[in-house]
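Scrolling down, you'll hit the structures one after another.
Across the two complexes that follow, subunit A remains constant while its partner is subunit B and subsequently subunit C.
Let's look at the complex of A and B:
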């Protein structure tokens, strides 16, 4: 299904300046998202997934720097955009749905004025009346009663607020939307309902999604392809879309799956990954996963593995294809 | 396995809180006539979403909150309304709590050793070498070793998983019969969660511990729990053995939960659901789930459905349980 590339990340590195020197949050990551694709990105806290999202949107805070590589959205290098051009580009070509809808909306303005402001800032020719009409249309799109447009954020439930945030993200019909844990803070049923809605919107409006989450099952379900991040590196990613978004091969990904209890099996044995994820300022040598990897070999301690293709996955691991296959945990 | 340890029995428990709304004093009931029993060495998983009253119930059990009605008994000992500190201390030797946030539950300026020594000295009167030995033994029980090195660490030097282990060790100092574990893994990294769950499971068999395991995640509820109790709006919707609840749920709410859980065999379209929180005000009528239920009828809005046993140990509070639907039960009746 590879059509036109929407997002091209090449060799991206992002560092934080800390008192103890540079901490590498994202370490030479490359991947591409094509038209109409949903790409899931999984990883534990601190693996660099949110930092990467912010880098793509050019929203890195103080002390964080892109130290290498490039990011192109719709063919445009986002780090070559300046001032107004960046602002225009940001919501019309790429948008972002942030984690925690509570903190995204302005508490002292009605949700209507927040949508209208967004529209007017990006569509100079639009009249206020047209913007209001569009806001109503957007509310219907995310299935909130347009009467609620006059509400303040605190008057809406968490699920509704997240819908408002999604409405603002699609307001200018961007071709690419980053969703950073868009449903994490919500109850499971509301979570599912919003996911269904996101997918419907995508079918209707045709945008690509980079969906960031720590929930492997969820990402597996909604994505065409899945990437897995560990300690700033993209350690595994499905190369092309197939029935299963990602058939895990990398020892880390397999470990993650083994760590999650499943509803389906009766007598299962879950298994955590020993140790804990390394911090950005203190990455292990060689393969960053080697201290926790049950299959680590001497070479893993010293030499960084390169990207290879194993059974349809791009993977960063020293183990051979046969070794990876033989340890593969029951495929579901 | 027969045991000489007492059971924890909760009967018709009600917790109500006063709230002031537009100058008017009203009451909400986050726990509304809830009954259950936990035997020694048994795990009851309490599943519900935010606002279901599951944490309030957990806090009432360890008597951080005093219930308004009903009773909590450990064996023959009624602890519902005890007030004196000696009595409360006695209760907490029997029942302890592990909280959700291991970053907030430890004092940042005390070492791990200090955290545990205070408790062991107070509750078991140990001193000096014996005290230290006991602390090391506790740390060893929760998988933190070498104890000598762990003892001198401060909480910030430990990962979330390790801190949660310290919190569990603290709860174990008094040799309790029951633990209330309120979302003990939800703040931890995915790769760490499994080992904490496994630790809790091992302690269950090693010490014949009974648990109230509070969670919003059905998969871990099933993994750890012998039984599952599903709460919504302060009331019990459905309860039964873990397998029964996951395989043969008949309450529309439980089924909606199953349909919403990623990786569930019953994963299906949820569609629109009301996004409003349940009404908890005292004097509400009908089923708390009525406003979101796809099978709602008039009777649901006026009459509270009683909790009725369907098959052995599987009870449901619903006027229109979803029988059939791939289930055997309908044919039997």
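Let's look at the complex of A and C:
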């Protein structure tokens, strides 16, 4: 399935400047997303997933800096773009559906004018009428009555607003879209219809997605591959999102899976992961997960684990393949 | 619905203002007649006294009757007769002084708002850059200078010492107001110094307010989303960030503009500028109650009208105001 890479992240580090020095939010992360691929990225709040999304879009706010590594989208190093080239690159090559889409639309402009703004910013030859016609087309694509184009954001429901944002994301038909918790603020039913909408559009328009979420089940459902982030590190990148039961996994990932209640099982024993994730400014030595890991060995406290390939998955852990496998089966 | 509610609100408030304006002098001890008698040191004959009492409406009618008389006079545009400038009517005095104040204070208020908002917008957009670090302290300093002090300074140097601008009044004494180029040029010449003292000290607060709002708005998701979409920077700054950041200031602007009618007592006093503030100060020193009452009435009604107009405009600026019934 590996075609052309659309996103190549290499050794990416992002730091926040705080009063107590630098806090590393993303720590030497590498991964690649190929054409037509949906890659899920999961992790707890504060693990660096959203920071990474913002780093890719070059939207890091005050005090956050890329301190190492590179990001290439469609082969273009994003951080080598300057001025108007960067402006043009955004949205034509990469788009992003923001976390909490409730507040991403300008409250004082109609949704139509916000779509038109987006189109005209990249298609200087387009007339206002053409842009309006395209906006209508986009609304039909995401199944909203074009009459709603004249609405202000506060007049639309949460689900509709998210559909508008998705329509804006695909407006210029980019080949790569980041979706940062696109359904988090929505209720389950709307969530489901939005997800279906996203997958339908993907089939139709053919773009790759980096799907960021804290919901393991959701990511598993739609992704070709899944990455797991913990304390700024990408601790695991799976070959495929399925086969969860059979594949040995990073102890943290196992913890995440165990924390999900299963409707089909009588077993009501849901286990959370003890402790809480470390803050970005105060990372534990060695493997950052060791204070919470039930299988931690002495070496985990002192030495940072390297990436190893275990059954086709990339895993960053000191435990051997056999150890991981045996504890995976011990769970069942 | 929104408009009807606001209109009803406005009418009720105007009625309250008029009623308070009527009641206040009646709650005070003494009456203008006594002041007049004291001033004339017993030189008024009893018949003249009787005539004046009639003219000033001093009689033994019950309060409610006086109230209706007052309303009746108001409807006919009669605000009474000034004591200090007897027999000139209050209406005439206000009609002669209000335009001067409206132009002087109104124009400077609008200019200060526009300039301050623009500087604040750019400052916030380029936060902690060179422009911001110069403009911030500069206008904050100038904004903390008392306008009357700056006025005295300007008057001393530019008018008295160097004689670049006239020292007093709104036009050459002896001329009568007319729409000739000469007169208008002359009036502008007279307005420069008072306008500058108001403008220079007025910009700071607008700049600061806009900068603070804008710094908050810039962090909002819709601004990042606009940037992410590759909209031109200018567009993001103006129609996404500033357009939202300006909203809280609009209300403040209306109130300030309303105050313009009240005049700038100190500034007008310093330049002997014949505006409403100057007249009010004169009225207070000469205990000219009818004039004070008339000026207060105009001030309160215009303030309310300014707020009402902004309420109407606000829904155009912020579509959420109508739905939520919030706003000004």
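The rule is short, and it goes like this: the second predicted complex is superposed on the first by the 317 of 332 C-alpha atoms of A that agree within 3 Å, B and C clash if a C-alpha of one lies under 4 Å from a C-alpha of the other, contacts with A are read in each partner's own complex, and residues count from 1 in each chain.
The rule is short, and it goes like this: a contact is a pair of C-beta atoms (placed from the backbone, for glycine too) under 8 Å apart; a residue touches a chain by one contact, two chains touch by 3 or more.
Just so you know, these numbers come straight off a predicted model, no measurement behind them.
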item: Fit or clash - subunit C, subunit B, common subunit A; value: fit
item: Which of subunit B and subunit C A:109 touches, first, second, both or neither; value: second
item: Partner chain(s) touched by A:22 [first = subunit B, second = subunit C, both, neither]; value: neither
item: Subunit A: partner with more touched residues, subunit B or subunit C; value: B
item: Touching partner for A:121 - first (subunit B), second (subunit C), both, neither; value: second
item: First (subunit B), second (subunit C), both or neither touched by A:98; value: second
item: Contacts of A:87 with subunit B and subunit C, given as first, second, both or neither; value: second
item: Touched partner set for A:154, first subunit B, second subunit C, both or neither; value: second
item: After superposition on chain A, the shortest CA separation from subunit B to subunit C (Å); value: 6
item: Shared contact residues on subunit A - subunit B and subunit C; value: none
item: Residue ranges of subunit A in contact with subunit C within the complex; value: 57, 59, 61, 87-92, 95-96, 98, 100, 103-109, 117-118, 121-122, 152, 154-155, 165, 168
item: Contact footprint of subunit A on subunit B as seen in their complex; value: 49-50, 159-162, 189-198, 216-220, 222-224, 243, 246, 256-265, 267, 269-273, 275-277, 292
item: Parts of subunit C lying in touch with subunit A, wherever the complex brings them together; value: 219-222, 224-233, 235, 239-240, 243-244, 247, 317-320, 323
item: Subunit B-touching residues of subunit A, taken from the complex the two chains share; value: 44-45, 143, 157-160, 187-193, 196, 214-218, 220-221, 255-256, 258-264, 266, 268, 270-274, 276-277, 292
